[in-house]
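Below are two complexes that have chain A in common, paired first with chain B and then with chain C.
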Partner chain A sequence: MAGAAQARITLLGLVLLLVLAAPAAPAWAQEGGEGPSDDEVNAIAEGLYCPVCENIPLDVCGTQACIQWRDTIREKLAAGWTEEEIKNYFVEQYGDRVLATPPARGLNLLVYILPPVAILVGAFVLLRAFRSWRSAAPITPEASPTLDDDQDPYVARLEEELRRRT
Partner chain B sequence: MTQDASSIPIKPLEEAQQTVRRRIGPGAILAAIFVVALLVLVGMGLVRTQQGRVGIGSQGPEFTLTTFDGQNIRSEDLRGQVVVINFWASWCKPCEQEAAELELASRQFADQSVVFLGVNYVDTEPEALAYLQRFDITYPNGPDLGTRISQAYRIRGVPETFILDPSGGVVQVKIGPFLSLDEIVASVQAAQQP
Partner chain C sequence: MIANLGYFSLVLTFGVALYAAGAAAYGARRSAPIWVESARRAMLLTFPLLTLSCAAIIYLLVTGAYQIEYVASVTSEAMPTYLKVTALWGGQAGSLVFWSWLMAAFTSAVGLRRWDRDRDLLPWVVVASMITLAFFLSLVIFFENPFTRLWQTADGRQLTAMFQPAGTLPLVPVDGQGLNPLLRHIGMVIHPPLLYLGFVSFVIPYAFALAALVSGRSDDRWIRITRRWSLVAWLFLSLGLILGGRWAYDVLGWGGYWGWDPVEIAAFMPWLTGTAFLHSVMIQEKRGIMKHWNMLLIILTYDLVIFGTFLTRSGVLSSVHAFAQSAIGPMFFIFIGITFLTSLALLIYRWGELRRENQLDSLLSREALFLLNNLLFIGILVVCFWGVIFPLISELFTGQKVTVGPEFYERATGPLWAGLLVLMGVAPLSAYGRSSWQTLGRLLWRPAAASLLVPLGLLLQGVRQPAAVLGYWLAALVGLVTLYEFWRAAVARRRRHSENLPVALWRLIGRNRRRYGGYVIHLGIVLMALGILGIELFQAQTQGTLARGEQLTLGPYTMVYESLTQFDTPDDRNVARAVVSIYRGGTYLGDLYPRRDFYYLSQQPMTIPGVRSSLEDDFYVLLVGWEPIAQAGATFRVYHNPLVNFVWLGGLIFIFGTGVAAWPETEPAAARRAVRTQRAAAAQA
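The block that comes next holds the complex of A and B.
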């Protein structure tokens, strides 16, 4: 009698343990234990580009090569690899160009450095231009040089000629 | 009314030079150097992308192929032999058309200082190995790690085959699949001619 009661308690404890442990299991385990879900695979695939079909992210590319790549991601996820490890694997196999975001090293650094530098330089140039416009003295019409008719040798000569002719 | 030309004020030369120096400061010189360097980089990139395929008459780029079974093959170690470099992939249907013929040709030339190499382009290993098994391919094959070899040969797709003479010069470039065993044999024999 006491043994049956103990067995029932043990069984109840096991059921309770299973119920509590279920939410902690990976998402793909909830889908029948068939492996990582498409969403999990695509979350990594959207950051990768296959060199065969350039400009199409891996998650939406329908070529055989890309299907095989997605299968590889699925296999690696099922084997417990992290996103970082999977991406490193693809870079090792196929080069940096498979990454949607180029790694910040070598000439790729220019992609990260140039835009902020260009914005800073542009802002500096604009600031200097505004300052120089503001500090510039207001333009005043310069007094045009006038010559007294008496001092102008041309007028004097003309008048002299007129006097002689009259 | 008129003004004598000699009365127009002329800036002394030194003052003019100082003005120019003041306008072109070190910042502007640095900016100019930076822009020129950037333009050179962009230009180099454009030249690189505009380059065509490695053509007949040029020297075949050096490479190291690590085969699926872990063997390292350096192209420079193959001097003195005709080298047939075939770029392929398991997802490439046209590659299948020539796969069996390439294997037959490799067996035919096995004792004639001719080396066949398969470079597996942008592929996954299980499918690549299955492909090799399916066509019973025995000559050395390996993945194009980092797509370094295909970039060096500037291929545009697969299949592409480059045949190098014993001095390492490219003597034949085949875009697309070979159509028959005879075509492969004729190409290799042409490369064997001194």
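The block that comes next holds the complex of A and C.
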């Protein structure tokens, strides 16, 4: 029992230490000039969204919460984490919504499948409609026009339009 | 007193609108013109009544009647008068009244037109537009009353009610909360009214389409009557979108103008169907086909307009734009469902009567290409709609919300935009009816060959991005084909009428404003495409913390951090303003003043960029952070946006082209006379 309580206190102490140390970390990173650069942080933040500021990418969001998230990214980068690991860290903490696009699995697959399928179906319907209209049209032998420049149908059409209007 | 008057006027308008719809339907069913006339006059009455309501709100806003909840929430003493007036559309309740007022103005204009030839359409136009108006007024009266007052009970609780609840005293705050600082920008003052004008004027073609369906008219009369309404609607919607983009670029501080935010998309979706509609009605007018499709497009556009208003106003999908949040979502949902299903049922009921008058003769004809254009626009719509709605679907089924960000939209719509550019390059050269590869190829090869110089030049310059090479090639193709069209027609006219080229061009445009206005719009789009491709593909950015006198380089520019001052302003802002000097190739170009405004009242920061603009590029500097005590170091986010100003330049040309296309024709009388003279001459001969 006593050991467990002691462990808990040690843990508490560690957490406290972490909390206290946290604000110091970015200051060190900036002043030292050797930590990850702002651009490296932003490159990762660009693809993340915090759950509060909906639709504002993390790299441009000015709220306090987002500033802290960017500091977290900076710490993780300094600790040698990769972009993938950092993103996964945020996903584990806050869910898939932190990612700029839904990960392609489960129901989310629908996001990527539905639009192309809808467009293909649309194209198919349009093609069918074209075909049925064309086959319904009377076959005219003069379908392929062989016109010389003097009888340019464009000029004729243009003139026709102007005649109708003037 | 004024508030009561305004509210009473709202309730009265609601009653009048319902009466107008009922009387019009009754008159049409019973063939009793007197009822229809009464309905028309009732419709005309809605405008002065709502003008009174709007005037009442503006009076309360300007005089600072803070007992009115709406006034207290959107204005404050420190705001200038013009912002107090425009706060009419700064919050949800006011903007719904404003929407209704615009709607009443447009329907009144419709009511005043000459109806001699279209008596059968009139009652149903009244029904459709007045039901829409009544719906918006019901939201205002029952859910979002802008005249609600604040009250205080004896035990200090705060209540809101239109009329004094028993045992309460009026609660009059000393000052209001003020307008959301993001909205205190000239772009945001003009942007909502423009968007609303676009939204509202699309209701008119819908009302006529519905009238045509109910009354069983299968000709294209409804399209001809509403042609200008559609163009005007489209003009305002386009203007609203462009101005909204400009506002985002100037105020939101993220280096771009379009973030695929749900509310941006909400305004963009009716624009997409509207654009498809503007193209496909031309086929119906010329060839008498696509009657069902045009009906469907205008029904979709109408419901997307309502959906757009709902997205901005309900807060169901919160985003940077969704300033106003309330519980009117379900009402919108039900109304959209009912109108969509009813319209669709009517369309199906009349399906057989809307027969096509012509066949589709060739896959390369103008009409076939227009249909492809429609497919692509609808494809973009599907992407947009699905992207906006999917987070809700995900939340509904899995309990987990997801983010659908710009990357999704850009990837999914990119190829579709490219397809539209191809069509813009080919379609103007194809003919209505019959068109073959041979005739099309003969016209197309010259501009197509010339356009190849652009990708070649880019490749020689070392540009290797496929999207850039393809994009700029297509833009060049469209630009050259469009100019070639002007030139070809002007030359043909010069030959025939022996006019000089400028006169020939001028007369040509004057005689067919819709076509050549449309081509001017295409040229505007080419310029916008240059800018969009420029910023999408070649934008560069960096961020750095600088001490005074230190410098940062991005692209061809170097900036030096000079100083920073922090001060309070009389309108309750704290401003941190940096001075940075900009150099290019060692030459001093000038100073920029990126700043951060902090609004005490709303506890909201706002980042205003300092921008050095030229046609070639923008150098865009944001002040991200600074040391408050020492004022020695400051952090800047810097963007280099190549060609971005072509977006605005193209936008201007785009709007100009729409103006040309929508400009009223003055010629019909003269044309009729000319035809008469010709006929007389022919008869004599």
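Observations, loosely collected:
Definition applied: the second predicted complex is superposed on the first by the 104 of 166 C-alpha atoms of A that agree within 3 Å, B and C clash if a C-alpha of one lies under 4 Å from a C-alpha of the other, contacts with A are read in each partner's own complex, and residues count from 1 in each chain.
Note that in this section a contact is a pair of C-beta atoms (placed from the backbone, for glycine too) under 8 Å apart; a residue touches a chain by one contact, two chains touch by 3 or more.
These figures come from a predicted structure and were not determined experimentally.
In the superposition on chain A, contact is made by A:49 with chain C only, not with chain B.
In the superposed model, A:72 lies in contact with chain B only, and not with chain C.
In the superposed model, A:121 makes contact with chain B only, not with chain C. In the superposition on chain A, contact of A:108 is made with chain C only, not with chain B.
By the touch criterion defined above, A:60 reaches chain C but does not reach chain B.
In the superposed pair of complexes, A:97 makes contact with chain B and with chain C alike.
Set against each other, chain B and chain C touch different numbers of residues in chain A, with C touching more. Under the contact criterion defined above, the residues of chain A that touch both chain B in one complex and chain C in the other are 51, 95, 97, 107, 110, 114, 145, 147, 154.
Listing the residues of chain A that touch chain C in their complex gives 30, 37-39, 42, 47, 49, 51, 54-57, 60, 62, 95-102, 106-108, 110-111, 114-116, 118-119, 122-123, 126, 130, 133-134, 136-138, 143-145, 147, 153-155, 157-159, 161-162, 164-166. By the touch criterion stated above, chain C contacts chain A in their complex at residues 253-255, 259, 261-262, 289, 318-320, 356, 359-361, 363, 368, 371-372, 375, 378-379, 382-383, 386-387, 390-391, 393-394, 397-398, 400-408, 412, 416, 431, 434, 436, 438-439, 443, 488-489, 492-493, 496, 511-512, 541-545, 605, 607, 624, 635, 637, 667, 671, 674. Chain A meets chain B in the complex at residues 50-52, 63-65, 68-69, 71-72, 91-95, 97, 107, 110, 114, 121, 145, 147, 152, 154.
On the side of chain B, the complex with chain A involves touching residues 1-3, 31, 38, 41, 89-91, 122-124, 127, 143, 145-148, 151, 157.
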